[in-house]
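Please go over the structures that come below.
Shared between the two complexes below is chain A, which has chain B as its partner in the first and chain C in the second.
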Partner chain A sequence: MNDLLRKYRWQFSGMVAHLIQRITGLLLLVYLFLHVRTVHALAEGPAAFDHAVSTFSNPFFKLLEIALLGAVILHALNGVRITLLDLGLAHNRQRQLFWAWSIGVGAVIFLAGAIPMFLFAVLK
Partner chain B sequence: MNAVWWYTQRITGAALLLLLIAHFWVEHFVSENLLRGDLTYAAIRARIATPAWQAIDIAFLLIALLHGLSGLRSILLDFSRIGRNGARIFTAALIVVGAVWAYWGIEAFRNLR
Partner chain C sequence: MRTYQVKVTRSTGIATYTVELEDRMTVLDVLFRIQWNQDSSLNFRCACRVGMCGTCAMSINRVPRLACKTRALLLDSSVIALAPLPNLPVIKDLVVSLEPFFEQWKKIRPSLNAADSAQLAVIPEDPDVSRKRDCITCGICYAACGIKATHKDYLGPAAINKAFLRIHDPRDRITKERLRVLNDEWSGVWRCHTQFNCTAACPKGIDLTDTIVRLKRSLLA
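Showing the complex of A and B:
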């Protein structure tokens, strides 16, 4: 019974990590599309580019930028974790690695960026 | 063949981590304007008018597309039972999408001198 529970937990956390990786991955691909779309205004000159960028100066987009930071951090740290596991390193620690690294370290980096962004960009 | 995709995803992922940190730094922290979030044409042009930065940015885009679209391919092949031919057609379609997307991104530099 205990073994069964342990196995279930192992799969649970792995499955959550897997799902997070795919959802954030899709969101980042959508962001890459929007990003190239904005950057493409460089070809139409200074006025067009500055106009394109000004769209993102309102608080709503600043909040989305904070969400983007979160998605990038989750995807990157979890990607490092998956690569370590694939290389056969720390595979018996995958659950701890998910919570301590992807979520724990991720939350610290996220807050270090999100708090200043919220104070100086959203509330500005 | 799937092993090649698998390795590509890990290697491009590692490269993207380094490129993204550098990108984030040069676009948001290197000058007073950028620190304030003033991403103006003038501020950006100073950097991307140089061929070396254009090469880095283009490489960044290509690696991101390779990683992102092959990730999308993994998701669709896992969730749908489209068969061997379906997978081939889907892969071919993604290569076309990637090529158009890459051209679209690179073309943004056409008027910079």
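Showing the complex of A and C:
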């Protein structure tokens, strides 16, 4: 009987996907401002740019880079899922699409990128 | 028999009751048991008791459901939290007013606008949409909708589903007017962000998000 309830809870994965898309979207927006601001330092010369980039060389920002990778992957894969749904494709498979595609495939890509980043950037 | 702690969000605050139930009993049975044995002042609404009328819709453990169709055992919790449906004004205790729901319903002009009254007796066969006719206007999709919670003008899934049925009815003559209402930037189908909450919560299993997505595509065609 608990299986029935789990199935019911599982049905609300669309809301989970929506929240993930919103939260990662806002995080990427914050990153975008930071990115543009850093690149803008080029206009002030190489020294200013080097100084701006050096801010991000400590391990804390390397960890944030790993988090950024996760946000980009989740946002991109879930965006593909939403596009497919809007096109009327895989509509009755939206839950599986979220868990298998956005989370499952996303986790594989994330680990493939995050492990080397952690080993060679954070622990170096 | 199992013992449950029932927390009811009443107009006066949260009231807690302890109730013993058999495994086959529903949340509606819980409410009747409380009303008969512990607190006769508890207000709730029900009519058919078999999931046909939608009257006993309420928030059960934070999910809008029909009390008569929800077995306490399946909640997998010894605590049952009951509250009035979200997104609707509370009249008293677990009783809400469906007036805002039907105000949106009216906007899509729900009645069939057929050219000839002789046509009315024949319901066209359309297996593609027949399941969507099962709506009992319980308001659960309206309460579950995350968009409805923040956009009071949004039509809501049930009204959109009704419009969809009319648009797909070959007898109906005011498709353009219905589509105009549905195409509204703030209250129409474009407000839907495919959260699938309405589909997940609908006690009749209607794929309301599918309805909305199909209407979006119709409007773009």
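We take it that the second predicted complex is superposed on the first by the 113 of 124 C-alpha atoms of A that agree within 3 Å, B and C clash if a C-alpha of one lies under 4 Å from a C-alpha of the other, contacts with A are read in each partner's own complex, and residues count from 1 in each chain.
The rule we apply is simple: a residue touches a chain if its C-beta (ideal position, glycine included) is under 8 Å from a C-beta of that chain, and two chains touch if they have at least 3 such contacts.
Since the model is a prediction, treat every value here as computed from it, not as a measurement.
Student: Touch check for A:V36: first (chain B), second (chain C), both, or neither?
Tutor: first
Student: Please indicate which partner A:G88 is in contact with in the superposed arrangement: first for chain B, second for chain C, both, or neither.
Tutor: After superposition on chain A, A:G88 lies in contact with chain C alone.
Student: Between chain B and chain C, whom does A:M15 touch in the aligned arrangement: first, second, both, or neither?
Tutor: second
Student: For A:L28, is the partner it touches chain B (first), chain C (second), both, or none of the two (neither)?
Tutor: first
Student: Would you check which partner chain A:L111 touches, where first means chain B only, second means chain C only, and both and neither mean what they say?
Tutor: After superposition on chain A, A:L111 lies in contact with neither partner.
Student: Between chain B and chain C, which one contacts more residues of chain A in the superposed model?
Tutor: B
Student: Is A:F49 touching anything from chain B or chain C once the two structures are fitted on A? First, second, both or neither.
Tutor: Only chain B is touched by A:F49; chain C is not.
Student: Give me the intersection of chain A's contacts with chain B and its contacts with chain C, in residue numbers.
Tutor: Correct list for chain A: 86.
Student: Sort out for me which residues of chain A touch chain C in the complex.
Tutor: 1-2, 4-5, 8, 11-15, 17-18, 82, 85-88, 91-92, 94
Student: Show me the residue ranges of chain B that touch chain A in the complex, using the header's touch definition.
Tutor: Within the complex, chain B contacts chain A at residues 10, 13-14, 16-17, 20, 37, 39-42, 44-45, 48, 61, 64-65, 68-69, 71-72, 75, 101, 104-105, 107-112.
Student: Touching chain B in the complex: which residues of chain A?
Tutor: Answer in residue numbers: 22, 25-26, 28-29, 32-33, 36, 39-46, 49-50, 53, 57, 72, 76, 79-80, 83, 86, 121.
Student: Note which residues of chain C are touching chain A in the complex, please.
Tutor: Contacts found on chain C: 63, 73-76, 146, 193-197, 199-200, 207, 209-210, 213-214, 216-217.
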